[in-house]
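Residue numbering begins at 1 within each chain, and the chains themselves are lettered A, B and C in the order written.
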Amino acid sequence: MALPRDARTTPVLEVDDISVSFGARVVLDHVSFEIHPGEFTGLIGSNGVGKTTLLRVILGLQRPSSGEIRIGGVARGTGRQSVGYVPQKVLLDPDVPLRARDLVALGIDAHRYGWRRRSAEDLRRVHETLEAVDALSFADARVGDLSGGEQQRVLIAHALISRPGLLLLDEPLANLDPRSAQDIVALLHRVSTHHDVAILLSAHEMNALLPVMDRIVYVTGGRAASGTTEEVVRTDVLSALYGHHVDVLQLHGRVLVVAEPDDATDHLASHPTLRMD
Amino acid sequence: MHYIFEAAFFSSVPVRNAAELGAVVSLVSAVVGVFTVIRSQSFAGHALTDVATSGGAVGAFFGINALAGFIGGAVVGAGSMELIGVQRARRRDVATGIVLGAATGISALYLYLDTTSSASTGVTQQILFGSIFSVAPSTLPEAALAGAGVLIVVATIWRPLLLSSLSYDVASARGIPTRAIGVVFMLAMSVSVGLSSLAIGSILSTALLIGPAAAALRVTRSVRAAVVVSCVLGVVATWLGILLAYDSYDWEPSSQGLPVSFFVVVVVVAMYLVSGLAVFRRRALVARGGAALRVPEAPLREPRTVA
Amino acid sequence: MLNAWEVATMVAVVAGVVGFFVVLRGSAFPAHAIPNGAFAGAAGANLIGVNPLVGLGAFSLLAALGIGTLGRRSRPDVATALALVLMLALGAAFLSQSTQYEPQIYSLLFGEILGVSTSQLLPVAVLGGVCVIMVGVLFRPLLLASVAPEIAVSKGIRLRVVDSAFLLVVACATTMTVPVVGALLIFTLMIGPPAAARSFTSRPGVAMALSVGIALLTVWCAVASGYLWNWPVGFFVGTYSAGVYGVGRLYAARHLARRRHVLHVVAAG
């Protein structure tokens, strides 16, 4: 659960009026939201709506046409800042001589040039982090030999070990069966609570996250609405966001957002981003 | 004062032979090259030119027919690469390097034995760089035959080759025998490379395999169009190179002339760099919201190690 | 003869260290192209009467930078191939302008390790030291950037810097080794032994050490063989590297089943 929000707490992440255009194509349109320490946030939207672009802007891989990103109150520069990143897929060749343990250890000092011997403290941290993600049993296996799920946990550990304030995951639930998705979400929630790290993960389906999400950022057509699930996932809010009528249905505890067929979304007046908090 | 097109140029027999042989070789290389580039097998393509040369060196030592030596060497090399490692890209990389290293070592040995035994100077240079002007005219019919064979094979497997080159997984899923196609293509590439290494040397062999194809792929929208453009570029580059080399004998200061390979490579590289401008223009168009244009090159959005 | 052993050792150490990353990054083609480009530079330098080592260094640098820059804008393998042929064509042009003696070309291409003079030892040692130190400094960022470039970028590692620095290291290793092992063969040492080493261990540090060890073994055997049978050392380097790689592959194939089995047992238990 998130820490009680205090007006004076510096947000871990501030996305401030971010717009991104590639030529004439507008990919992100004045998106703004904040994430506070320890919050679990889902970035929800189907493919192609701008989720990945938004993540890249936050990571500093993409320059926005306007707006600013602030991490821990500090404007994002090009150096490294306290954001752990877990990409969707990393191609790990089984021939590569790197154990899970080694990859996690790199999370401590990969950004440092020069040779510094790893201390006992470092090794202890590696062990603890591997334990936190349930990866101890295959810690000494080659990363390339691991299954997708195992690799994912190693990547989470790698990102986690540098003690970031924010952990960013790009579509971690894609291609997972519902059970595995549940497991990963539970693990992330556990990690978030124990290590007091905020989590922002992108997904195209929100249902696996409903039990743990503190905040949802719902993206469509480059625009976003953010707030709690109750505040955002409502017919009126989402219809305004989409620019045409959508129905929000609850079915056996799951949420479905249903649009009417044949709706073109290009020719409508631009709506400002809806912020609910 | 001399003209670019000296009268003697067109009537010279060596030049005519060179032009004909060059055209045949560059045509075959251009077609095979398009697929080589699409399949990201430029290293293998280049490595095979050196392996073919090694085969040529061994052949020369044992008195085997030059064409058989070159092509045989290339085929053995390609077979070894396939045997060692195909599936994973990194393993293919290593396999190519290992075969190339072994073949180079064999070259070293036979060149050493050859020079000490028959005391012929310039053999290393000849075998490594080749000289289109000094190839015997009798090679042309054999070369044309081998070249035609390669083109027929490529035409036969055109569709499955195209599909499996553009997307290996999709093609496999559709039931195409992608592994077998890969092997057949490697064989075709070996013959093509063996042929061109003998005719025009290993440097030009690589250049005419990769350059025109890569440039064509940048400026066209379909593989078929790329093959056509690649052929045109290849033949133009070869003939232009021959012409410039011929003229260079009249240039100051040394009046010794520069080799054909030099000019052809410069032309080929220039073509590639110019094609880069076309890509630049097209990217600008896409950014301005132009129609969706297929860009055959790998997307540059992902961070990726260059080397 | 002692010189040959000393030089062989230095070359093997550098090849093992740099080769570890060449194989990791799939940089076999640049590792082949840069020495070949360097060869053209040596030929050119010879033509204008400059010390061939200068031409070697300049052209290997040019090749490294060319491959790096071109490779960023387009397919890296195409860029490498064209940079390579351009340099080789220049080399051919240079050679056509002079009356180069056959043995000199041969030794630039295949090396002349048995004929190394004492005066060559110091520059080789210095350049070799520079290479090893640079790899040491780059080790961790380079390792992450090679295995997971996306993550490296997110940590603030500048890929462009790391990539270019590595190519420069290869250029430096080339300059140091071409006069002794030859342009065509240094890269074999940077491929075979490191590729074999990975079969025997999963730990990066150990893999690099093993890479050096196997390279040393290969080169020493090659030098010994060349001395014994009077055939070119280069031939033995090429074949022994391939042999060592084969042994590594066989070992890995047998060991792989065991690796997978251990994983499954662990997962099930």
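In this text, a residue touches a chain if its C-beta (ideal position, glycine included) is under 8 Å from a C-beta of that chain, and two chains touch if they have at least 3 such contacts.
The shown structure was predicted, so the numbers you read here are calculated from the model rather than taken from an experiment.
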Checklist outcome for this item: argmin over chains of |mean CA - global mean CA| returns C
Checklist outcome for this item: Set A-C beside A-B; more C-beta pairs touch across A-C
Item to check | Whole-Å gap between the CA centroids of chain B and chain C | outcome: 24
Next on the checklist: Using Cα averages as centroids, what's the distance between chain A and chain C in whole Å?
Outcome noted: 41
Checklist entry - Cα centroid separation between chain A and chain B, in whole Å? => result 47
Item to check | Overlap residues in chain B, where contacts from two or more other chains coincide | outcome: 90, 303
Item to check | Interface hub residues of chain A, defined as touching at least two other chains | outcome: 61, 95
Checklist entry - Mind pulling the chain C residues that touch 2 or more other chains? => result 150, 152-153
Next on the checklist: Please output the residues of chain C touching chain A within their complex, sorted ascending.
Outcome noted: 24, 136-141, 143-144, 147-148, 150-157, 197-198, 201-204, 206-207, 259-260, 262-263, 266-267, 269
Next on the checklist: List the residues on chain A that touch chain B in their complex, please.
Outcome noted: 22-25, 61, 93, 95
Checklist outcome for this item: The chain B residues in contact with chain A across the complex are 88, 90-91, 286-289, 303
Item to check | Complex contact set, residues of chain B against chain C | outcome: 37, 40-43, 45-47, 50, 84, 89-90, 93-94, 96-109, 111-112, 115, 121-125, 128-129, 203-204, 206-207, 210-211, 214, 218, 254, 256-259, 261-262, 264-266, 268-269, 272, 276, 279, 297-298, 300, 302-307
Checklist outcome for this item: Per the touch rule above, chain C residues touching chain B in the complex are 23, 25-32, 67-68, 71-78, 80-82, 84-86, 88-90, 92-93, 95-97, 100, 102, 105-106, 109-110, 145-146, 149-150, 152-153, 159, 163, 166-167, 182, 184-185, 187-188, 191-192, 195, 231-232, 234-239, 241-242, 245, 249
